[in-house]
Each structure stands twice: as C-alpha cells, then as structure tokens.
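Listed after this line are the structures, all set down as structure tokens.
In the two complexes below, subunit A is the common chain; its partner is subunit B in one and subunit C in the other.
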Partner chain A sequence: MAAVVLAPSSFSDGTEAIALVVLLTEFAMMRASLSRSQVRLYSFQSLAVSALAVFVAATQHVGDLYVLAGLSFVLKVVVVPRIVLRLLRDSRVDLATSHRLGVATMVLLAIVVAAFGFFVVGGLPVHSPSLPAPALGLAGAVILVSFLLVILRSDVVSQAVGFFSLENGVSLASLVLAAGLPLIVEVAFLFDLLVAVVVFGVLIRVHHGRSQTLSTDALDRLRG
Partner chain B sequence: MVAVELAPAEIQVLQVLTILVLSPLVSGWIAHLEARLQGRRGPRILQPYYDLAKLFRKETLIPEDAGWVFVAGPMVAFTCYLIVPLLIPVLTTFPLPLFRTGDILGGGFILALAGFSVALAAAETGGPYAQLGSSRAMTFGALIEPSILFVTFTVALVTTTDLPYFEAAAARSSLSQAIRPAHLLIAVAFFLVVLNDTGRIPVESHASTLEFGMIDEARTLEHSGPLFALLKWGSAMKQMILYVLLINVFVAPWGLAGSTASGSVLLAILALVGKAFGVGAVFAVIDNSFSKLRLFKITEFMAAAFLLAILAVLVLYVGGG
Partner chain C sequence: MGWDPIAILVVPFAVGVACWWAPVNLGKALTLASGVLTFVLAVLLVPARITTALSGWLRVDALSVVFLVAAAFLYAATAVFAIGYVHPSGDPSSAARYSRRFFAGLNLFAWAMAMATVVNGIALLWVAIEVTTVVSALLVAIDDTDGATEAAWKYVLIASMGLGVALLATVVMYYAGSTVFGNSYELFYPKLLSGAAHFPPEVVRLAFVLAVLGYGTKMGLVPVHTWLPDAHSEAPTPVSAMMSGALLAVSFYAILRFYQVTAGAIGPAFPREVLLGFGVASVGLAALYLASQRDLKRLFAYSSVEHMGVLAIGMSFSAPIAVVGVLLHVLAHAAAKSTAFFGAGSVARRFGSTDVSLIRGGVGALPVSGPMLVLAVLGLSAMPPFGIFRSEFLIVSGALTDPHEAVAAVLVVGVTLAMLGLSWFTSRTMLSRTAESTPRGEPSAWIVASMAIGLGALTILGVHPPGQLSDLLTRAASELGARR
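On to the complex of A and B.
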C-alpha cells in the first residue's frame, strides 16, 4: 500500500472541520440571492462559531468559554438575526439582486482572496504544537471573504451581514489562537457587534424610508 | 455455499460484467423512484432492459449526409465504458492485475474519449439539436474539468499516488481518515461532478423532452435502432461507473470483497447494487426537490464544485487537513 498522509489529531481535526463550515457559509452568503437566506446563513455560521467555543472549552478545559459560547449563541444566533429579519419584513424587499459581478466570477475571485488569506496567515511565524494552523488560515480566509462580500454586494443587508460575519471570523481566529483570551475582551467584541447592529438597523430603516430600496447605489439620495 | 476461489483476472472480467449487466437496473430504479416521488406509478424497474431489447430489434436509420463517424461513435463510446471498470475498484479492496494501466486521470481520459466520440457522432448528423447538444456537452465538460483535476490533486496529496484503490484504502483505514475535512470536501465536490456528468437536475432535467434545456440528452436525438441502444446503454454504464467511483472511492468504500472467494465477491456485487440504489435514491430526491438551473447559471454550480475541491487542496497544503 502507498504511504498515506495521516489525518491530524482530533482537536485540530474538530476545529478545522468547524472552521471549514464557517468559511463555506461565508461563501454561501456571497452567492445567496435572498436577503432572508443571507441572514439565516449568518445565524447558522454563528451557531458554528458557538459550537467551536464549546468544543474548545471542552477539549482545552477553559471554563470561561462556556459563558462566551452561551452569550454568542443568544446574541448572534437568536437576537441579531431576529432583529435583521424583522427589519427586512418591515421593508418588504425580498430579492437582493445586488451582485456587482456574476456569481461564478465572484466565487472565483473569493477563492483567490481566500487562498491569499490562507497562505499569508499560514506563513506567519506562529507555531505551537497545540495550534491548528489550518484553522487559523481558514479564519483569515473568512475575514477576507467577508470583506469581499461587503465590497461586491450592493445592498444594505449584505453589508450588514458581511460586517457581522467579519466579527465571526475574528472570534474564530481568537478561539483558535488563544482559547484563554480573557473573557472580557471577547465580550467587548460582542458589544461591538451590538453597536453595529444598532447602526445598521438605523441605516436600513432610514435608507428604506427615504428611497424605498435597500440598494447602496441609492445611498447618495440620503443627502438632506 | 461452495467456496470457489476466483482468479484475480476472472474478478476483473466480472467487474466489467457487473457494470454491463446491472447498469440498466440502476437507471430503471431511479426512473421508478422518481415517478413514485411525483405520485405516478412509473415504469417497471426492469423497463430499461425491455427498451434496450426493443431498440436492438429495430432498424438503423442513418441521416443522408452522415458518414462512418456516425456509426463508429456509439461503438467507440461503448467500448470505452467497457474499459473503465478494469481500472476502478468495483468489487474488491485489493488491486486487480490491470489496475496500474490507468490512474484516475487515465480513467477520466477514457471517459472523455467516450464523450468526445458521442459528440462527434452527433455533430456528424447535421441535425441542429444534436449539434447543440454536442457543443454544450463539450463546453460544460471543459468547465467541470478543473474540479475533477483538483479532486485528483487532493487524492494525490493524501495517498501520494493517484490510483483510486489507494484513496479508498486510505478512507477505510481509520475513521479520522474518512471524516477528515479534505476527504469530505472532495467527496461532496465529486458528488457535484457526478450530478453534472450524469445529466441530472440542477444541471439538466433527465426526462424532459424540451430540446432547449438539453445537454447530454440532445446528442442522441438523431440515432436510432441498435446504435441508439448502444448510446442509451452506454450512458447507463457511465452513470454506474461514476456511482461506483463515488461510492467505492469517496463515500462508502466498505462492503467490498477482501478475498478472492466467490462468496465474498458475490456479496460485494449485492452490496454494490444496494449502495448504488441508495445513491440513486439520493439523486432522485434531488431531482424532485430542486429546479433546473438556467443554462447560463450552470457555471455557478460548477464554481461551487470547484470551490469545494480547491478548499480541499488548500487545507491539505497548509497543514494536514
């Protein structure tokens, strides 16, 4: 039999699988044509990040992380998507045909960007036997792809969801890199997110109220 | 049961026969199940055999301007589909004598030759729909190619060969090999490739009679009689070959014969039919729950397959994956 390149250990295996799910949902958000499904995907992605927090807490024995997992579950899986979905229901705009490029082109571009993030982060001189390097690279890719989501989709919901999932990418990286990162720092991240939700909520409301659309191409109509 | 030891070469012949004989059964099963899911009674599971028998008795009509390519195309394709089962793990976990004559890429080339000869035969007719079909099939075939290549790269990175037997053995060797991210990713990517290559929704609707949406199906419109039977049988065999690759290399490489005893080989055949029926059921459900993509949206589907395959290579490259 030929030599087989062995699969990694169970800890890095698990983190890596979850990080991969997070990245794939990021791509799915980029392709999604309904704003609603984008928000649901974000909720699913947050669920994956919360699951990762639980997984890391259980395998690395960091009790604080359970609190963080609970908090991020309540906020990012339940509250934030609910608020955004509600805003969407009020604005009665369903289909966000806001792709600046064709979907296939966007995905190819995102693959390039993700690969870039992957190798840049992989090339960082951060080495430790307990560090799952691929998961860290995946977190880098998630962050860059969410930037691309914000850039390439021209509707307010995509921008909001892109920003929120950026936060998911950051917490993914922090979970992988420093599981013991003090709880207070991570809670500060979540607080940031809440501020962003308020800001984007106001933006969606005002923008839709003034211009009857969620497209950012009409943002210049917001001038007083 | 009397334990008779089969020679490896005999098993290899048996692999070809398994694909040859059982492929219409799998097609019939899928058609039957699809009809059932739509609330119709549907054709008998054995219907494809009756269709083939009928077609072989019919006369062959050759379009006026068509030359020998029209006749040779289906035969070449059929021969190609007979060769591929020699190279892939259909029944056994252990490699059979001829397995080194072609790797995954070799098998892919032979399948591509089959597709090419069918397309050539279709183009030879001068019929507009057949030509439309062959040009589309070639175009989309080229677009799905990168995904297949990256699946092969992943197999090569994992097993340091690109022989399908070794990827299956790697997946069998331990659970963590079977569920490692790279393996799961290429399994899903290959699943999407199979969806595309067997002409299933969301790429192409299988049972449609509307020519404008056709890709693979349109190529055979001008053929009749035994030649058409060869094409139909060939496409059933191609479908079965792809299912076998999907099952025995990526998704469920268990239940194959570990020895040359006739009993275990027989069990492997039964297990294969069961697994192929299972995969067929998944495809039938997908057929019934999604709508066909618009022709120019098919590239999105292919981009998704490519994404999965390339991510598999990336996670492997950076660290074990």
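On to the complex of A and C.
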C-alpha cells in the first residue's frame, strides 16, 4: 500500500535508527547504577537528538534546524551535564543511585511501558508522506519510560535526569512531527530548559545541604 | 494602546531586577508602586477590543484581559500584604538578603504570570508558564526549612513533568496546523483559529487531552494536583496567595486557549466532556479532603483544588451564562482566596503557627483581620453578597438551562461539602474563646489593608460588578464560543 508505493526513504530509515538509539539510552539510564554514568548517558542521548536535528535539517532542507542542533549540542550535551556533574562532585555522597525495585523488574516494567507507548502512539492516525510513524512511536516510548525513571528511582539526580530526558523525548517528537517549528520558539524552549536546570541544581544543593544525602527517602513529611 | 502590554512586561521585570540590589525599604516601595501600576495598566485594557504590539507577538483580547486583571490584582494586593508580612528574623544582614531575594522573586513571579496572559500563541504561552514554575519553585524553597525543601522539590518535579506533557501538546497542535498552513508558520491564536476547522480531528483531540493533563497539573486538577497542597502550605504566605489566586488561573487560561482551537476544529462537545471529568473529580475529592485537614493554609489549598474543579465543570456547560460565570469565578476566586491567605498570614504572625489545633479565639486576638478572615471564608463558601455567590449562581443556572441537572446536583453537593469543611475549621479556630495568655491586636496595618482590598473587591463583584467588567466578561465568553 502506501509503504509499497513510497519505497522506504533514507529519511525515515535514519530517523528511526536515531530514535531507537535515544530509546536504548533511556533504558540504559534506567539501569545505570552510578549517578555519574546516568548523567553521561543523558549527555549521549542529547547528542543523538542533536544529530537527528542535523539529519532532518539536511534531508528536509530546513536551515533553521542547523542553528537549533548547534544550540542543543552546546546546552544539552555540554552545559547541562557539566552543571549536574559538578553538583555531584561537590556533594561527595552516595554516588550510587537508589531505586525502589530490583534492576531486572524495572527493566521489565520499562519494556512493557515502552511497548505500550510504541504501539499506542505509533497507532495514532497521524499520517503524512514525510512522517515516519515508527519514530513517533519511539518518541512516545521514550516519554513514558522517562516517567517511569522519575517514579521508580528515589534520588534527586535520577529524578532530575528523568525530567531532562523527558524533554529529549519531546524534542524527538517535535523533530518528527513539527520540523518547521519557528526557530525563535525552539530557542525559547531550550532557554527554558536551561533555567529549569539551574533551578533543579539549586534545589538539589539545598536538599543536600539540609539532609546530607541525595536520596528522596527523607522527603515524606508532607502528607494528606 | 500598543504601549500598554509592553509596559506590563517591562515594569515588573525591571522592578524585580532592581529589588535584587536596592535597599530593602526601597524595594518594598518599588514593589508596591509596580503592583498598583500594573493593575492600573491592566484595567486600562478592559474597554479595548484587541490590542497588539511588537509586530503581533503580544496580543490582548477580552479573554486575556480577564486573567491579566486577576493576576495584576493579586500582584497589587500581595505587594501591600508582603510589606506588612515579611519580617525575617536573624541578624540584620541575612534578614536584608532574605527580603531582597523575596521581593525580587515576587516581582518576577508576577511578571511571568502577566507575560503568560499577554503573549500571542500557544508556544510563547508555554514558555511563560514554565518561567512561572521556576520562579515560584525558588520562592517556595526560600524559607529553607525541611518542609519547604520537600515541597519545592515535589513542586518543581511534578509541575515540570506536567509542562513536558503540555509542550508535547503544543508540538502536536503545531502538527495539526501544519496540515493546513504548511511546514513553517507562527502559532499565533488568530492564525490557529482561522484554520482550525480544517485540522485533522484525531490530532486535535490528542493535543487537547495532553494540554488538559499537562496544564491541569499546574492548575491543580485531580488526579494531578498532588504538589499543590504541599507547595501552598510550605511557601511564604504572600507566595501562597499569588499561586492560589493567579497561578492556577493562568494555567486554566492556557487550557482555555487550547479549548478555543479544539472547539473550532471539532466542536465543543469533546473538550467539554474532558473538562467535566477532571472537574467532577476535583470538586469531589477536594470536598472530602477539606474535612480532614490540620493546617489552615493546607485547608485553603484544597479549597483551591475545589474551585479549579468548579471552573472546569463550568466550562462543560454550553449555556453562555455558565461561561460568563466561569470567568467571573476566576476574578472572584482571586479576590476571596487571596484575602483568606492574607488572613492565614495574620494568624500565623499572631499564633506563630497555622496548625488548626494551636489556634484558638482568632477573632478575639485579631480584632480586625480575624472577622475579615471569617468573612473571606464565607465568601469562599459562596455566601451572598460576595462575588463567588454570583459566579457559582451563574454557573449552576447555566447548568439548569442546559439542561445538566445531574451535574448541577453534583456541583452543588460538592460545594456544600467543601463549605462544611471550611466553616468547621474556621469556627473552631476563629470563633472560639480567646485564651487570656494570647496577645491581642493586629500584627500589621498593611495586612489589614490588604485584606480590606481583597474583601472590598469580592463584595463589589458580588453586589454590583461595574458595567465595563460585565461587558468584558460577555465579550470573553463569546471569544470562547458562547453565543446567545
């Protein structure tokens, strides 16, 4: 049918490959045992998203996306991981992340959630000739797994990284769905992310200063 | 009039930056001046039809003005309150640093909320609301207690995840538009509305649900409200007042912008059903939670969840009178809830706590702000002659003409349950006998003044809203598709 008439283009192949890398990195974050490696994985994931921006810019001829790819590389691959790694160096405690379930259980759950996201989002009636539907499903899977990361990990660094990778998932979706999004809007999104990172950093520092730990187990006073 | 929205963006920002360096008293004076000026600028926009500025990036229509007036009113009233309320203890230099940071944050918070109402397009709207999150999260954490740290962390994490979903909604809506406008276009409201009728229905539906889920997290709709009671109870009271009265409303404004486009694309039936579900859950659960609170500020926080539910339910009725009621409710809730929080601040200054079991005889100990707090709670419970009575009356009568009797019954029962919870705790804490040992008298004339302002506005909205305001609400309702 449509797929037969339009032979699979290099565009959709490339997009799907990179989207798959992003999802696999998300899984690696899920099972990473050190906060540091989690942050490095985030950096790698952002690199993949920036590469996708370059790829879409080249194949779809959207010049603005080169600028976006450059900015996203500087901010998400270099600046944000550096800020978080410096926070980790300063705090010097429990570099190992903590989690509520065993690693195997978490990864199994993540697979279930990712499959759910992939098929539900991939099955949406979102069609256009240039749009690779599997890549959109992969973006949905990344977003759902990032939620799982925030829910199942119980330390502030993992939760913050979970939020940052949620943003990567949304970036992925926006590259697939809305490559033509005006540059000024994209830049505003990125700038907002940077501000959010600074606020997360401040709060992680405050939390560590009060409780001498990065675990969220102490954050259970407010209920009801 | 194009200068007016620009001034609204420049003044609070400049004052916020100035407060960071200026001496504390100058910062307080500047904050008050900026609050009053912003409110005047917002009121000047009431009679205008549509104001645009900065080559279309700013656009103020009747719907924006309703929310802008609510935010600016909160800004001005909170500025008055904060001058009397903020008295950090400790050595003078750290106290001065606390005050400088606090007033800088307060102004920037107000600036971000005003920005959300005047920018044009769902993308910039998202940016502005994200800015409100980061500024207010720092303000929640500013007291540096265990509770404040915990509340700030939960708030920033949950609200940011929610806004991540809202960003996805924006992207999906952009995709819906790109099927009509081509790959590259600006997400301005008139542009989206002009093409909405040709957007693919399934995609618009997805975008709307994501938007309600995402912005609903910030608005405090059940079941994504979980950060709200913590943040409202642990934040400094002026911040709680602004969050409850304006921040939640601004998030509702974002949902309404998606509602407009969705209604233009697939008709209003689907978005109404979605809002009805979230609204009923919010009113019902909040009414039950209200009965089991032990902290005055937490009590008012759950009351906010209830009122946000009322807004969502109100939008699910097709009668134009209900939509007018919803918009009036935004203004009335801002006035009533800020007065209640200001009263809680007065109580906290007098009794050193907002724990319900530690407060006795509030009216005796606080001769002016005590009775005003009781009146504010009556106002929140939709008693005449206050504004919330009028707005909820409009909403319920809209439901009865619709006809949606079952939903109207649920709404009335929920609101009544909420009133029981609110009045039970208020009568226990405020109307009981005052212990001999409790000092009497008002902690600050500024607090009394701020409460008088809030209560005055609430009464005016209830007794006789100014003609221009009624006209504004009718125009805003027709922008939302409600036509007689």
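Couple of notes before you dig in:
By our rule, the second predicted complex is superposed on the first by the 208 of 224 C-alpha atoms of A that agree within 3 Å, B and C clash if a C-alpha of one lies under 4 Å from a C-alpha of the other, contacts with A are read in each partner's own complex, and residues count from 1 in each chain.
Please note the rule applied: a residue touches a chain if its C-beta (ideal position, glycine included) is under 8 Å from a C-beta of that chain, and two chains touch if they have at least 3 such contacts.
These figures come from a predicted structure and were not determined experimentally.
When the two complexes are overlaid on their common chain A, residue A:Ala17 makes contact with subunit B while staying clear of subunit C.
The partner that reaches more residues of subunit A, of the two candidates subunit B and subunit C, is C. Of the two partner chains, subunit B is the only one touched by A:Phe27; subunit C is not.
In the superposition on chain A, A:Val67 makes contact with neither subunit B nor subunit C. By the document's definition of touching, neither partner reaches A:Leu109: not subunit B, not subunit C. In the superposed pair of complexes, A:Asp192 makes contact with subunit C only, with no contact to subunit B. Once the two complexes are overlaid on the shared chain, A:Ile143 sits against subunit C while remaining clear of subunit B. Residues 62, 124-126, 128, 143, 147, 150, 156, 159-160, 163, 166-167, 170, 173-174, 177-182, 185, 188-189, 192, 195-196, 198-200, 202-203, 206-207, 210-211, 216, 218-222, 224 of subunit A are the ones touching subunit C in the complex. Listing the residues of subunit A that touch subunit B in their complex gives 1-8, 10, 12-13, 16-17, 20, 23-24, 27, 31, 102-104, 107-108, 110-111, 114-115, 118-119, 122, 132-134, 137-138.
For subunit C in complex with subunit A, the residues that touch the partner chain are 123-124, 126-127, 130-131, 133-134, 137-138, 141, 144, 146-147, 149-154, 156-157, 160-161, 164, 167-168, 171-172, 174-175, 178-179, 182-187, 200, 202-203, 206, 229-230, 233-234, 289, 292-294, 298.
Listing the residues of subunit B that touch subunit A in their complex gives 157-161, 163, 166, 169-170, 173-174, 176-177, 179-181, 184-185, 297, 299-300, 302-304, 306-308, 310-311, 314-316, 318-321.
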